[in-house]
Amino acid sequence: MTSFVYRRQMVIEWGHCDPAGIVFNSRFFEFFDHSTWLSFDAALGVKPAELARTFGVFGIPLVDARANFLKPAKFGDTIEIASRVSEFRRSSFDVEHKITLDGELAVEGGETRVWAARKKDDPEQIGAIAIPQEVIARFR
Amino acid sequence: MTSFVYRRQMVIEWGHCDPAGIVFNSRFFEFFDHSTWLSFDAALGVKPAELARTFGVFGIPLVDARANFLKPAKFGDTIEIASRVSEFRRSSFDVEHKITLDGELAVEGGETRVWAARKKDDPEQIGAIAIPQEVIARFR
Amino acid sequence: MTSFVYRRQMVIEWGHCDPAGIVFNSRFFEFFDHSTWLSFDAALGVKPAELARTFGVFGIPLVDARANFLKPAKFGDTIEIASRVSEFRRSSFDVEHKITLDGELAVEGGETRVWAARKKDDPEQIGAIAIPQEVIARFR
Amino acid sequence: MTSFVYRRQMVIEWGHCDPAGIVFNSRFFEFFDHSTWLSFDAALGVKPAELARTFGVFGIPLVDARANFLKPAKFGDTIEIASRVSEFRRSSFDVEHKITLDGELAVEGGETRVWAARKKDDPEQIGAIAIPQEVIARFR
């Protein structure tokens, strides 16, 4: 478990909500994705779009995503998203996201991602590579 | 495990894809949601929008969603989504979604949903109610 | 032309962008919609979700939307959106949105919306009603 | 005005709709975008993803998009989208989209797009190039 936690607040938009007046589930996965990029930005001091150039990665593709919806969020609500890399492995890592609303846990999310690069012998192919120790160190 | 499987094919759109040229993860949760509604439509013979009126439910809110991404889908790809209610419990149920591309499994998804109605003593509140046996029977 | 201008900055997300690496057009209409709600919030001092309750409106449905795309915005770019109600008529109004990137105009957008309420004799129907003078005054 | 009209039917999804229970405006721009790609697919006999390879274009970026919303579409509604290239110019073209619901016009949309290629002297830059006559001929 790393100790670096990235927090942001956001206001639920009209366009995030469905006919039941609550956030449509796919939107939470958009929120998680952006929070993961922002976490790396904050921890590494590198803008998301430059992560690739700086660390030689092609991207951080998702291999698994999951969420529990405990309490609905509605148009105009201010939510807080707290994101933390819960585990770094050789070439993959897990991110935990907790969304709170009025101080109560509303959504718990999780992602598993891969540190991926273009293959040297076939740049059309993408494969997992080892996550640099200097990247992991920034989240400690 | 019910035996009714709902299948549909769809073409990946330009707007579904991200800068890596593959479907952005949140889109799969949109695909799953629509397939679940279509499954109920096909099994019950009731248009999604009329499910509420016919069965007295307010909706089928998600309490859990998850997906494994095994193989990327790209702009123009034709995918097949096969959806099956894997378990009915008293007032909740699980749906399994399998997306295949060129005959290979590309994404495995799962949802847990609640059969929900407005509370009689407080219509502003939504609560889980028992799923009618006639609904369950249609998926056998 | 009213004088009240609502400005906000936002960072372009990975999920906003298409395989060409630039913001997919429909996203700009999401940005415009949210900026219009935020403009009313800022001008009226009423949270978007309470606009209906405070002013007896059902909503501010769009009847027309348009955009010119002059310069692409990419993942990680910080854009500024400046929004202004350009004209109030009896029961409809126009909103102008200007998105700038690095000080240059990137997208020009426009919306025409209606001030709408449920009809007294048939609450299932929505119709345009006169915009209160106190609302218009707050944008001067 | 070309004579080739591309038509498709689609069912409005739960996730397309907003808290007013009607299709959120940005979704229509997604529908238009996909219909334009499908029009080219149908007229040229080339899958969207191969348009670039076959005709040497990088893409068909939007420079202008617009829509009038005449009649709301709701969850479960079946709409028909009829799309036609209304004018080809040297390196740009206009597409008209008409969405009907129960035989009545619900949304009128328009797009202006550019036939674009990577610049030979600077492949990082994209510029408009002449639309091949063989492309235009297929829409007559």
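The first chain written gets the first letter, and so on, giving A, B, C and D; residue counts start at 1 in each chain.
Note that in this section contacts are C-beta pairs under 8 Å (C-beta built on N, C-alpha and C of every residue); 3 or more make two chains touch, one makes a residue touch a chain.
No experiment lies behind these values; they were computed from the predicted model shown.
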{"item": "Farthest chain relative to subunit A (centres taken as mean CA coordinates)", "value": "D"}
{"item": "Which of A-C and C-D has more C-beta pairs touching across its chains", "value": "C-D"}
{"item": "CA centroid of subunit A to CA centroid of subunit D, Å", "value": "32"}
{"item": "Centre-to-centre distance between subunit C and subunit A (centres being mean Cα positions), rounded to whole Å", "value": "28"}
{"item": "Where subunit C and subunit D are represented by their mean Cα positions, the distance between them in whole Å", "value": "24"}
{"item": "Subunit C, residues touching no fewer than two other chains", "value": "14-15, 20, 24, 26, 30, 33, 75"}
{"item": "Touch list for subunit C against partner subunit B, complex", "value": "14-15, 17-21, 24, 26, 75"}
{"item": "Complex contact set, residues of subunit D against subunit B", "value": "13-15, 30, 33-34, 37, 47-50, 74-77"}
{"item": "Contact set on subunit A toward subunit B in their complex", "value": "20, 22, 24-27, 29-30, 33, 58-59, 61-70, 72"}
